[in-house]
Amino acid sequence: MNGGTTMIGDPRLRLHGVIPPLVTPLTDQGDVDARSLARLIGYVLAAGSTGVFVLGSSGEGTSLSDDQRARVLDVARSETAGAATLLAGTLEPSTNRVADLVRQAMKFSVDGLVITAPFYIPPHRNEIDRHFRRLAEMAGQTPVFGYDIPSRVKLKLDGELILELAADGVLAGVKDSSGAELSLRSLVNGRSDRGLDGFSIMTGSEVTVDTAMQLGVDGAVPGLGNVDPAGYVRILALVEAGDLAGARAEQDRLIKLFDIIKAGDRSRVGGASAALGAFKAAVWLLGVIDCPRLAEPAIGLNDAEIAGIRGRMEAAGLL
Amino acid sequence: MNGGTTMIGDPRLRLHGVIPPLVTPLTDQGDVDARSLARLIGYVLAAGSTGVFVLGSSGEGTSLSDDQRARVLDVARSETAGAATLLAGTLEPSTNRVADLVRQAMKFSVDGLVITAPFYIPPHRNEIDRHFRRLAEMAGQTPVFGYDIPSRVKLKLDGELILELAADGVLAGVKDSSGAELSLRSLVNGRSDRGLDGFSIMTGSEVTVDTAMQLGVDGAVPGLGNVDPAGYVRILALVEAGDLAGARAEQDRLIKLFDIIKAGDRSRVGGASAALGAFKAAVWLLGVIDCPRLAEPAIGLNDAEIAGIRGRMEAAGLL
Amino acid sequence: MNGGTTMIGDPRLRLHGVIPPLVTPLTDQGDVDARSLARLIGYVLAAGSTGVFVLGSSGEGTSLSDDQRARVLDVARSETAGAATLLAGTLEPSTNRVADLVRQAMKFSVDGLVITAPFYIPPHRNEIDRHFRRLAEMAGQTPVFGYDIPSRVKLKLDGELILELAADGVLAGVKDSSGAELSLRSLVNGRSDRGLDGFSIMTGSEVTVDTAMQLGVDGAVPGLGNVDPAGYVRILALVEAGDLAGARAEQDRLIKLFDIIKAGDRSRVGGASAALGAFKAAVWLLGVIDCPRLAEPAIGLNDAEIAGIRGRMEAAGLL
Amino acid sequence: MNGGTTMIGDPRLRLHGVIPPLVTPLTDQGDVDARSLARLIGYVLAAGSTGVFVLGSSGEGTSLSDDQRARVLDVARSETAGAATLLAGTLEPSTNRVADLVRQAMKFSVDGLVITAPFYIPPHRNEIDRHFRRLAEMAGQTPVFGYDIPSRVKLKLDGELILELAADGVLAGVKDSSGAELSLRSLVNGRSDRGLDGFSIMTGSEVTVDTAMQLGVDGAVPGLGNVDPAGYVRILALVEAGDLAGARAEQDRLIKLFDIIKAGDRSRVGGASAALGAFKAAVWLLGVIDCPRLAEPAIGLNDAEIAGIRGRMEAAGLL
């Protein structure tokens, strides 16, 4: 665990800014579209993002094959090298399976690994603890970030456990996609109480970034940041400048834009697919990627639904 | 889809009898213990099982690495060849990921693939439909069985969808671990109404096998069948012989034995680990496997808890 | 608690047969329609029901005012006096509130009270235990039946707790609407193991009455028994006569009839309203009640949907 | 609905400030303790609360009999008359049942009624709409506030529905106890977009009052406001004065105090009882009420647990 211990406090590892959880552009045939991915990385970095997070939930990390994941990691590493932080999700149900993905990601020299609690088999707190410890040991010098996303993993990571793991050098930070403000506050306060200065706290929310930043989180990893990264970058700058009203107006604009996730007809597609489908359709409308298709078996937006999001993008000033 | 179509009606493919979902014996170091696995297969086949199901939920299918899965498939194929049906679980969250495991399993010439709906990303019915169709197409002549296990996948497979997929030659059968009697009845009645004679319906329940058999299911895939396969074989024989009272007495004995899953202290281990830990501890006490350890990060029974299940095994006549 | 103690073993109190959970007929204005209720009671008793259960979930027990409940109890007592068992639901969230309804029901000399665990505030097992003890003490000589309906109360009554309360003379029986076969088996086996001969076990299922009777439950309280009480009476007689195939065919017919609960358009009405609306519409089509309206705020079936259930009733031989 | 219409815009009805949801003090015998209730009202009003909310979830509104509720309303009306707003919960599962409680509350001239969606029977959106319309019609000039508390009602009130009901003069405001920041933001933005100036938005959270106030809600209805009303009053004043850091420090102090809800041993009492038991124990330790007992069947804190909260109260400066 010594690798973990040394990394806490290392300024390189304290995350900050906007790090969009990138969608994974696919071709019509369902292959990873390397050129579109490179353009998407360019798009979000040009807008001021400090890094990218690939193979997370927005990246359809659970939906890509070994080869597809390798392709994504390869492109992302090339496009960010020396310029931006590269975080990689390793979404698998158990320690051994995640370990396979950790090994893969480390071959591409990612800057951080983003790891959920085990899923499929509902784990006990003790088992979650063991899971992160084993994986951090394996990751060595590569920082491990806990990924708290109850809507997918079907459990909320316990804040006390996160802080214990932080204090033991196991976790270098957390991406909190729980949407629960008290969760963020407790993490921020707990970090301060325990002197865990190097520990990163990022919000995964699209809709409460201004308040999260005021509460002291370090940055944001919003799915909608694929579509409008500049908007989130502005929120962070406005909060930092003390212009809370300005930050709120920008957040409110993005809340309205976020309605694009409602364009998919829910009698036809699932809720998660409606959201991912909207993100991909939006960056496709922006000309950033070549095809809005989702990975199997997900069903994306159809033409009429894509037409429906155009108006919301215009209202947000994107088209 | 033609592979699927031809297999319906093929008598080789209609499952029957007891097919235990095998636990995966591990060494103290967490490696797959091939000798213990071979002995376990011998144990359940000697008791009259008609096959084995490896890498399912009881087999910690989501908790093993690529290499570990390959080892399990290799041993299981050797030990069952020519003698018994070999079913393999391919538990992964999405079509592409399952496809990787389907390819792996097919290299070992398994007799059938057992596949759940997608998990992690909650799927729409249309997406579940697409998932099974893509994978059955890939599986070709190898039959695909739907695996309905709401406690893990967090959704109940729709009976109408299963029957549609059966009629289209996509699914060769279903393992129903939902525990819902109406689900089994509807499948049995639906199979009959639609003339889907080759379609297999297996119950995954440990505790309602006698009634399930009376309702017309083809056989059972009970986790407790690792521990007492002969008991389940007897239930099936008794129902077939029309001795319902005898079958019920045997089922009631196994219901009592099933209480071994309550031996694990739930303030220390998860519910799933308590159940799997008890199955492994029981076959370890029986001398069938060499070590009761679970795959990471699961925590199995401790010595005191294992001592606690001994009494229940004695009461059931196993020790 | 002495009242409770004496009643166990009293043969009057051991329930048996079909006891439909009556819907509460309302007028167009939403008042209790006493004449329709009397006719409905006559209809189910003429079919061979041994009693009626009013003010349960099917009776919209949570949706009627004090005065409306009193009216229902008055009519039901008159129409069953000397002829059939009258059970009354007392559906309220807490001990004190249920107590108000227990007092009301006792004024009408009901034969038994049917009481759920507390709802709204999620209770601990110890609190459920206390709830039933307090209420049984108040009920004195009037037997108290536990009402296990997880779909409404959002918890499953623990079987061990039910049996402890039975042994202590608190509960005279249970209506199990959980749909879980293991729950019924454990109750039946536990009753036998503990020598609780006077304890009644009734299934609240519409779709598994034949198997429940084979497992040793005493009778059925099926919502669909409002519509086709004779069918359920036949199932019980066939099981008693040992004609399991005949019982199953009858149950299968009723499973098909039960599809009337799918007639309501779920984009317009809730699932519970679709079911209750279908029951009321069916007995209205049969000419038993004068109006198919539901209690506020529930929305029943519209004309097109009611037309849709006519075919299913014809197929079942009811029209 | 004209009553509703006129009240929107009436400045008397726009809620503001801290309105604690009062616990209901009981005697050792379980009767309403009028003197303790009067003292509790005096305590929170002296601290600067603008009103009180009785018979809500904290008030054990679902756990009191008709007579007990009447006693609470009587005392609360006397103690607040002319001095503070009196809101009354009318917690019952359905329209007709709530109507009985609305009539009761109106006899005591309450200033507002706080009403949840139907529970027990899961309602459709259309049925929730109908529920509020019927009850507002009955309430006439008395404003109706929607009570959004998913942890109890098991559904989240849809924000669009709330705003529609507001626009139609049905709802005068909402108490949002969902804990979801986006819910509050959408209500605040929706109120502004639709020009619903008289519509009140109150947060029911204990732990995010400072951010909620910054977002533009009108006030807070925190259960912990029974214990430390002055703290919440300070938060509101600090936010109004633009001292966000000060408001946050005060909120952080109250977040720590809120840990008193963890003192109850969860193997002995339910989570809701642990929270309510802690609130009552705290105001008992403060000498405000005479007995910390909960209404049947809830089990409150025992002596050791009460001792455990003393330290947290001292740390918060209350003892």
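Going in written order, the chains are labelled A, B, C and D, and every chain counts its residues from 1.
As a convention for this text, a contact is a pair of C-beta atoms (placed from the backbone, for glycine too) under 8 Å apart; a residue touches a chain by one contact, two chains touch by 3 or more.
Just so it is clear, the model here is predicted, and its values are computed rather than measured.
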Equivalent interface positions on chain A and chain D, same or different at half: same
Superposition rotation for chain B onto chain C, Cα-based, multiple of 5°: 180
Centroid distance [mean C-alpha coordinates] between chain B and chain A, Å: 35
Whole-Å gap separating chain A and chain C, where each centre is the average of the chain's CA atoms: 50
Residues of chain A touching at least two other chains: none
Interface residues, chain A side, partner chain D - complex: 179-182, 185-186, 189, 207-208, 211, 214-215, 244, 248, 252, 255
Partner chain D, residues of chain C touching it in the complex: 57, 60, 62-66, 68, 91-97, 99-100, 118-124, 126-128, 130-131, 134, 152-154, 266, 268-273, 295-299
